[in-house]
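Two complexes, one shared chain (chain A), two partners (chain B, chain C).
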Partner chain A sequence: MDVRLEGVTFRRGAFTLTCSGVFGEGVHLVSGRVGSGKTTLALLLAGLVRPPEGTVTRDGISSLTLSFQNPEYHVTEATVGAEVSSYGADPAEVTALCGLADRREDDPFTLSRGELKRLHLACVFTRAYDLLILDEPFSSLDCVQKKRVCTLVNERKGGVTVIFTHERQVLPQVDYLWEVEDGQVVCLGRVPDAIPAWRHAPPYLRYALDAGVVPENIRFQDAMEALCRTHD
Partner chain B sequence: MIEIAGLVHGILSVPSLRIGEGHTALIGENGSGKSTLLSLLSGIAVPHKGRITIDGRLPRQVDVGWVTEFPDQSILFTRVDDEIASPSRFAGIPCREVERRVDAAARLVGIEDFLPRTVRELSGGERALVALATALSTDPEVLVLDEFDSHLDGETAEVVEEALSRSRCRYCVRCTQDMATAARADTVLYLEKGRVGEIGTPAAVFAAREQTCFYPPLWRIARGRQA
Partner chain C sequence: MQDARLRLFCIFALSIAAFQSVHGAALVFLWWAVFSRRRASLPPRTAGAVVLLTLGITAAVTEVTAGGGLAYFFRLAAVFLIAFWAYSERIPGELLGAGVSLFGKHLGFDIGLAGEMGMEALASLEGDIARMRMALRLKGKGRGIGAVVPLGLGLLHAQMQRSRERASLLAVRGYTGGGSVCPVFIRTRADVYAAALAGIIVIFSFVPLSDVFI
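Entry: the complex of A and B
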C-alpha cells in the first residue's frame, strides 16, 4: 500500500512544486515554510488536484480522506450528533470521547473552533482509511487535545498517514520526515536517522541535537529521555 | 489600561480584570473563552453584561487591528496591495499616505514581494501575513491576534515576532496554544471555563501550571536538566 509520485510538477504563477517519492505504510510528517507548497502536496496526494506533469499512483488504497485545517469545511449536518452520524459513527460514543456529550443537539457552528476541530478529528479517526492526510491537525487545539490526536495517530492500525504541520510543541511518533523547500519535496528518511537533517525541528529537538544527542523519535518525551541519557 | 468590570458574555464571567500595556498572551483549553474575549476587545461583539474599556474608551472608539483565527476568510480584495490599503481607504486617508502605509506595513511583516500579487496566488500562511500587515497598516492602538502563530513555521514566526516588537501598538493581546510564544509576553492570562485562572508575568503564571501541558517545553527541559 503506497502513494507514488513520479516526476510531478505543479505550477501556479511564479510558484513551482516538484516531487518524486513514495509515501508507504506508516506515519509521514511533512514540514516546510509558509507558502512552500504543503497544502498543494496534500491536494495532489488526495487526488483533488491532478498534476499537469508526472503521475500520482495510489497502490492498494481503497479509501482515503484529506482533513483540512479549517474544520468547518467538513460540516454537512445541522447538529453535532447528526454530524457524527454522517461518518457512520455512534454520536453518543464519539461525543463522549471528545468531551462534547452535552452538545449533541447543538449546531456544530456554535462550538468553538477548537471544539469543532476536536469533533471533526474524532469522527475521522473512527474510520480506517487506507490513506489519511491531515493538514495542520494540531492547529486550534489546546495541548491536551493535541496529545489526544497524537494518541489517535499512533494507535491507528496500518495504512498510510501523512501529517502536514507547523506544530512545535506536541508531536506524535512518526516513521518518516519530509520537507518542502524551495519548491522541492524531499524525503529526509526514516526516523531517527533523519532527525539531525530536519531543518524545521521544534526547539526542544534542536536543543537535544545541540547537546549532541539524537532522540529515538520526535516527541517531547523522546528529547527528554535522550537528554537524560547524557546525564547518566 | 484595559479594564473589565462585571463582564458576563457567553461562557465568560469576569467580575474584574485589569490588563496593562504591552504584550498579553491568553492561554487556556479549547472553549475556555479566549476567542470570545478577543472579539469583545476588538469591538466586534458587545458584552451582554458589564463593561470593557481601553484607556477609558469603549473598544469601538479605539483603533483596533484584528486578525481572526482564519484570516484568509476575512480578506476582501483580490490584490494584496488593495487589501492592505483597505482600512486606510475606508477611513478616507489621502492616496499618498495610503501608499506609504501599505509599503511600511508590508516591509514590517516582510511581504513586500507580495504587493503586486493576487491573494488567490498565496498560500493560507501567506494570506495570514497579508491579514497581519493589513491590521498593522493603520498603526493601531490595540492589536488583537487569534492564534495567529498556528499559521506559521518557526522561521516565519520569528520574523513576525520581530515585526510585532517593532510595531507601535500600545496593547497587543493574542491567544496562543504555543507556550513558547506565551512565555515571551509581558503578561500571561490563563482562562479556565470562562473565568480568570491566573494573570501575571509568564514566570508566575507558568509556575502555577507546571504540572500541566500549559508550560513551555524548553522551560521543562531546563528544569529537568537542573534536577
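Entry: the complex of A and C
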C-alpha cells in the first residue's frame, strides 16, 4: 500500500513544485514554509489535482480522504448531527466524543472554528481510510485537542497517513519526515535518522540536537527522554 | 497597463461605451483585442462558461419577451470582457493608492480600502469554491443540484467570517476612517494611448451610427 510520485511537476504562474518519492505505510510528516506548496502536494496525493507532468500512482489504496485546514469547507448539512451522519458516523457517539452532545441540533456554522475542527477530525477518524491526508490538523485546536489528534493518528492501524503541518509544540510519533523547500519535495528519511537533517524541527528538538542527542522520535517527551538519558 | 488610475478610467469609460450601444461594444471588443493580454486575461474555462451561460439565458429570455436580447448579449459580453481584463491586471494595494491619489486621504483612502477588500474577497472566493468542490467530492456529493446549497452556504459563511475578522483587525489597529498612502505610479506610453482611445470610444458610443456614416 503506497502512493508513488514519479517526476511530478506542478506549475501555477511563477510557482513550480517538483516531487519524486514514495509515501508508504506509516505516518509521514511534511513541513515547509507558508506558500511552499504543501497543500498542492496534499491535493496531488489525494488525486484532487492532476499533475501536468509525471505520474501519481496509488497502489493498494481503496479509500482515501483529505482533511482541509478550514473545517468549514467540509460542511454539507444543516445540523451537527446530520453533518456527522454525512461521514457515515454515529452522531451520538461522535458528538459525545468531542464534547458537543448538546449541540447536535445546532447549525454547524454556529460552532466555533475550534469546535468545528474537532468535530470534523472526529468524523474523519471514525473510518479506517487506507490513505489519510491531514492538512494542518492542529490549527485552531488547543493543546488538549492537539494531543487527542496525535493519539488518534498513532492509534490508526495500518494505512498511509500524511500530515502537513507548521505545528511546533504538539506532534505525533511519525515514521518519515519530508520537507518542501524551494519548490522541491524532499524525503529526509526514516525517523530517528532523519531528525538531525530536519530544518523545520521544533525548538525542543533543536535543543536536544544541539546538546548532542538524537531523540527516538519527534514528540516533546522523546526530546525530554533523550536529554534525561544523557544526564544519567 | 501599469498605472492603476488610467486602468480605472479605462474600466469606467469602456463599460459605459459597451453598455451604451452595440457599436460601442464592438469598439470595446477591438480595444480589448489590441490592449489586453487576450487569452491570459480571460478567467478559467468553467467560470467563463458560467458567465456566458447566465448571460445567454438572460438574453434569450429578453429576446423572447421584449426583443433586443442579442444586442443585450453582445453589449454585456463586452462589459464582462473588460471586467475580466481589469481583474487579471490587478496588483494588490494599487486601488488604495489610486483612491488616495484621486480623492484624497480621507474619502479616497476609504474608497480604496473598500475596493481592495472587495478584490481580495473575489480572489479568496476563487480558492474557496475550488476547495469546497474538492471537499464535496471527497464526501461523494460533488455533482448535481444537491451540491449547490452547501456550496452557497459555505461560501457565504466563509466570506462573512473573513469580513468579521477583517473588521476586527481594522478596529484593533485603530482605523476609524481615512489614512495615508504614498503611491508611486508607473505610466508607459502604451497606457496613455490605451486610455486616450478608451476616451474616444466612449464618445463614439453616444454618437448614432447614422451620424458617422452619412
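Note that in this section the second predicted complex is superposed on the first by the 232 of 232 C-alpha atoms of A that agree within 3 Å, B and C clash if a C-alpha of one lies under 4 Å from a C-alpha of the other, contacts with A are read in each partner's own complex, and residues count from 1 in each chain.
To be clear about the criterion, a residue touches a chain if its C-beta (ideal position, glycine included) is under 8 Å from a C-beta of that chain, and two chains touch if they have at least 3 such contacts.
The structure displayed is predicted, hence computed values, not measured ones.
Enquirer: Could you check whether chain B and chain C clash or fit when both are placed on chain A?
Expert: clash
Enquirer: Using the touch criterion from the header, give the chain among chain B and chain C with more contacted residues in chain A.
Expert: Touching more residues of chain A than the other partner does is B.
Enquirer: Could you say whether A:70 touches chain B, chain C, both of them, or neither, answering first, second, both or neither?
Expert: Both: A:70 reaches chain B and chain C.
Enquirer: Of the two partner chains, chain B (first) and chain C (second), which one does A:94 touch, if any: first, second, both, or neither?
Expert: neither
Enquirer: Determine, under the contact definition given at the top, whether A:166 touches first (chain B), second (chain C), both, or neither.
Expert: first
Enquirer: Please indicate which partner A:44 is in contact with in the superposed arrangement: first for chain B, second for chain C, both, or neither.
Expert: A:44 sits against neither chain B nor chain C.
Enquirer: Which partner does A:203 contact after superposing on A: first (chain B), second (chain C), both, neither?
Expert: A:203 contacts chain B only, not chain C.
Enquirer: Applying the document's definition of touch, where does A:174 land relative to chain B and chain C: first, second, both, or neither?
Expert: After superposition on chain A, A:174 lies in contact with neither partner.
Enquirer: Looking at the overlay, what does A:3 touch: chain B (first), chain C (second), both, or neither?
Expert: neither
Enquirer: State whether A:34 touches chain B only (first), chain C only (second), both chains, or neither.
Expert: A:34 contacts chain B only, not chain C.
Enquirer: Do any residues of chain A touch both chain B and chain C, and if so, which are they?
Expert: Shared contact residues on chain A: 70.
Enquirer: Provide the residue numbers of chain A that touch chain C in the complex, in ascending order.
Expert: On the chain A side, the touching residues are 43, 46, 48, 65-66, 68, 70, 72-77, 86-87, 109.
Enquirer: State the interface residues of chain A toward chain B in the complex, per the touch definition above.
Expert: Contact set of chain A toward chain B: 12-13, 15, 31-39, 69-70, 111-115, 117-118, 136, 138-147, 166, 168-170, 200, 202-204, 207, 220, 223-224, 227-228, 231.
Enquirer: Once bound in the complex, which stretches of chain C touch chain A?
Expert: Spelled out, the residues of chain C in touch with chain A are 128, 131-132, 134-139, 141, 150, 153-154, 157-158, 161.
Enquirer: Considering the complex alone, what residue numbers of chain B touch chain A?
Expert: Touching chain A from chain B are residues 28-31, 35, 69-70, 73, 117, 121-126, 128-129, 147, 150-156, 177-180, 212-214, 217-218, 220-221, 224-225.
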